[in-house]
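The block underneath contains the structure these notes are about, expressed in structure tokens.
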Amino acid sequence: MTNNPDKHIKTIGIPTEEEIRQAQIDFAPRCTSAGRVNDKETQKIVQYILNFARKHSLFVLAYGTGCGAIEIPATMTSRYDAERFGIRGAATPRQADVLLITGYLSTKTLKRVIRVYEQMQDPKYVMAFGSCTINGGMYFDSYNTIKALDRYLPVDVYIAGCMPRPESVIRGFIKLQELIQNGNAGGGKCYRDNLDWYRANQQKVIKNWNFPDEYNW
Amino acid sequence: MILTIKILGAFLTAILAFTVGMFYGGLRRKITARVQNRVGPPVYQNFLDLLKLQAKETNIAHGFMGHIAPMWIIIASMTVLMFIPILHNGLWFDNLTFKGDLIFILYMMVFGSLGMAIGAGQSGNPNSAIGVTRGLAMMVGYEIPFVLSLVAIMIQFHTTSLQDLMQYQHETGRWIIMDNPFAFLAALLSSLGMFRYSPFDIVGAPAELASGPVSEFGGKYLGTMMSGGAVFAFIKLVLFVDIFLGGAGNTDLQGVWGILAGLGELLLKTFLFYMIPVFIGLVSPRFRTEQAIRFFWKWPSILGIVAILWAVFHPIQ
Amino acid sequence: MQENILNQLNKVFKIKGQVKSPLRIKVVADKDIVSSILLYLKAQMGFIHLNHISCVDWIEDNKFELVYIVWHPEQKQTVLVHTFIDRENPVMENIDTIWDQANTYEREMREMFGIEFPGLVGDREFILEDWQEMPPMRRDFDTKRYAQETYETRPGRENARNVRLEIMKRSGEELPDFAKKYSRD
Amino acid sequence: MIEKETTLYLGPQHPGITGNMMIKLKVKGDVVTQAETHVGYLHRAFEKLIERRNWLQSFTLLCRFCVPEPDPMELTYARAVEQIEGREVPPRAKYIRTIVAELARIQSFLLWYGGQSGSSGLYTLGQWSVGDRNYILDLFEDLTGARIYHMYMWPGGVRRDLPTGWIDKTYKTMDYLEKRLEDYNKLLFENAIFQKRAQGVGIIPKDKAIEWGVVGPPLRGTGIKHDVRIDEPYEAYADLDFEVPTYEGGDVWARALVRRDEIKQSIRIIRQALDKMPSGSYYNRIPNPMKWTVPTGEAWIKTESVRGEIGFYVVSDGSSKPRRVHLKGAAYTHGVSVLEKILPGQNIADVSFILNSLGVCPPEIER
């Protein structure tokens, strides 16, 4: 991908059908669940059982990256109680399965989020909250937030809304559970396969990849 | 024949300890949820968690001790388990108990934590290092009343054998909690520290140290540690029931029914005892490290000393 | 009370102020004496609380306007000290010796407007990270253009119109009635 | 215990951090020797974006300044715009605004209960209070249509009138909350361990507090009675009867007590405002928002939010877009300079505890 800003953005006029098709091809997320055919019929019994366990035990990394994090306490506590689906918090990325991107990501956070994502162990899933992770939302002209998260991390489930209500958060989790059960949620593997593409995208935004020395344990 | 039963019994003990420990963990989560106005996860949730953790891939290494530490915990827990008489009657759950095993158990229970300490130290995460320091400091705190109370029992009954204690309780029908209540209280208070539930969950305090020593362990390592922890929880519960609450298997039934009745008795007693730290944990904030140590060195230790004095003046032959 | 404050300031610093409202006093001062005014307000007149330091970019006049807002806890009065500095060579006196928390404001202004505060300690980067463009809060920094050049935007938001129609066209689905009602075409 | 100094990064990914920020700690054993706050993880360039939005569009961005309580932001900005423009607000709108601001205060305090007790390991209280917070959010939903971000208070009044039955529902919710507050009191404030943990920790000295820029409950926890609602009464506060609780000590315990008592005062204010609710118009209509210009001027408006006094410095150059909207949040001083001053010498266990008791809200710092 060359860095051509005007390729997809036209400020005047409506793009033609051809342009739209081309933009969609260019902009299709690398890691989608659509291409992976590993459904219930083709799964071996062991895989089926493991997927069942994975589905019902989702450890969510306690990282509030944006304002959607305010609905996470509500989702986890008494009225909505996500723990009945086996969803619980995990303190460190090593123990977590699900990374919630709760809203916009500033470039400074993106750098940490990528680091955190790479620290997580496979199989791992990413859920993105809110319209600002889908197309920038109300921050479409902000100089410090990224606009489309799936250029930088493989997203399994998007939850629309600003901000998503606890009900939709739980709905998103259930969607993720379906994907896991059907063997379609393989973002971590896809990320490793397409690492060059993701790295290229990430490096366009993040100028300096170095962390402080004490950070590198 | 006896050897075969012993070996089979050892396997059964391991499975029993693991299952009960994990199941109690699930029950704890369920009860916690109910207290907190929630539905809570199913009681078998911990098994699913374990299965998932074991199914995770691992693509990091934290050195040799990082691999050994979870094994160390499992080995330590299994070793201790083998020296604890689960039931009073029957050969099946006797395992390797011998005279003087109380001192041995005291010694071995620290072993698992030490293994974890070394493993966590190797991971290089400062949270782990601080967590380990806290854990060792805590151990210094709660071991003192615990040892004092066990010493009181040893003095009072002139034995260091769990079998003898259980035999005494079986024959007289008197639980040791009645013979030396102070020892029980001291041990109970120190057991709060052993379980590391809320007032004393300072080792892996999430808001302070991420998750402490296990910060860098995920997937299979965490799963293995979790199973080791479940077995350890079972060990602690059985130990307390054996020493203070009359042990299990005191019925006159023979054969399979005797064992089943014994197991039922064991589960009932352990569950009731387990609820004490769980419910205290539900309503308590966490102590700071030095506050926790000060707590253990104050009333529990005083109770332990009183228990020794009591034991000296009320010896039971 | 407000007159007293103004008179006192006028006597010491020869500056004119004006009463904006019963609890607000506005003072415009030269940039060289601002720090001594603030020190005087704090040490002699009891305005010990620094509320805020703000900066406004008047690109038309080629000036930055700095506003120091201080507050008196007993009299409940607020004094806004305004000053103008040159936009081409923005240098302002550092006041974090008077109030420690001014350090944060000044670091932010150094980063966001490019105003230099000689003697200011602290990392150069306070909020942004690896920023290579001009200080972003200046008026002539075009954030939309920068965002379009730097970040990839998902197609479908080329303009503000036709969003629902576009969705329909691309997905091939029929729009529900309520959506049609609010569609702009 | 350990003489070696370690560097400990608390955050940005850390369960003990409120939101998304980082505190770089130098620790010796369990004791913090030096603390340094690093912010900027949530910088969305709001103040830049507001320069590109018109006066009314700004509200979408404004309420996102601080996530746990967006309403004081709207209120302050609306008041600033009204002051520049000289626009009158009908009395009914003033009362509705007061009620919404106090409801926002209560829901934020309930969230604080969760943070304060959760950071000390008492998760039960957090589960209860955050669960009960949903009842307040339900009221908001009935009133404004949204749970968190309302965009309800506009220049010239409020966006909608009270729906039918809302007043009764609010009374009921207040009764329920008052009952629950007693439970919270038993669980948290009568808890010996919490008292031990909170007393004497994170002390802000009384003589330095105002100079350091401490405001709100932390300032009232040092015994200084300062509240914008009394100093510069806005909206309907001048008509209502309420007290400002203060406690001596300046530690986490005093701040917690102040917050506990403030919820009760908020309930009292809401009851009074509902009783006295005037009838009439709720909205002083503004012209077509796309063409609406505000005359040249500037305003420095303060409002009492949960974390303390927040202020907006708004400058208008006579066009249809604000020239500058600059927020001064309470967390701006609390989260950076005050925190850096009081953390050295504290135990690591108390860092998250103190952070919660100061009410640090990172998005407010970097905006």
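The chains carry the letters A, B, C and D, assigned in the order they are written, with residues numbered from 1 in each.
FYI, contacts are C-beta pairs under 8 Å (C-beta built on N, C-alpha and C of every residue); 3 or more make two chains touch, one makes a residue touch a chain.
Quantities reported herein were computed from a predicted structural model and do not represent experimental measurements.
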Practice prompt. Count the smallest number of chain-to-chain hops linking subunit B with subunit C, moving only between touching chains.
Written response: 2
Discussion item. With centres defined as the mean C-alpha position, give me the subunit A-subunit C separation in Å.
Written reply: 34
Worksheet item: Which whole number of Å gives the spacing of the CA centres of subunit B and subunit D?
Response: 45
Item to complete: Could you grab the centroid distance between subunit A and subunit D? Build each centroid from C-alpha atoms only and quote it in angstrom.
Response: 30
Worksheet item: Centre to centre, by mean C-alpha position, how many angstrom separate subunit C and subunit D?
Response: 21
Worksheet, complete the sentence: Expected list for subunit C, residues touching two or more other chains, is 128-129, 136, 141, 143-144
Worksheet item: Residues of subunit D that touch two or more other chains: which are they?
Response: 7, 14-15, 40, 43, 45, 48-49, 52, 127-128, 131
Discussion item. Residues of subunit A that contact two or more other chains, please.
Written reply: 62, 77-78, 89, 91-93, 108, 141-145
Discussion item. Let me make sure I understand the interfaces: which chain pairs count as touching?
Written reply: A-B, A-C, A-D, B-D, C-D
Discussion item. Touching residues of subunit C toward subunit D in the complex: what are they?
Written reply: 23-24, 48-52, 54-57, 67, 69, 73, 76, 78, 80, 99-101, 103-104, 125-129, 136-137, 139, 141, 143-144
Discussion item. Show me the residue ranges of subunit D that touch subunit B in the complex, using the header's touch definition.
Written reply: 1-2, 6-8, 14-16, 27, 29-30, 117-124, 127-128, 131, 187, 191, 193-194, 196-197, 347-353
Worksheet entry | Complex contacts: residues of subunit A adjacent to subunit B | 49-50, 52-54, 56-57, 59, 62, 77-78, 81, 83-86, 88-97, 120-123, 217
Discussion item. Which residues of subunit B touch subunit D once you look at their complex with the stated criterion?
Written reply: 32, 35-38, 126-127, 129-130, 133-134, 137, 198-199, 201-202, 205-210, 282-291
Response to the item:
In the complex, subunit B touches subunit A at residues 29, 33, 36-42, 45, 48-49, 51-53, 55-60, 123-127, 206, 210-211, 214-219, 222
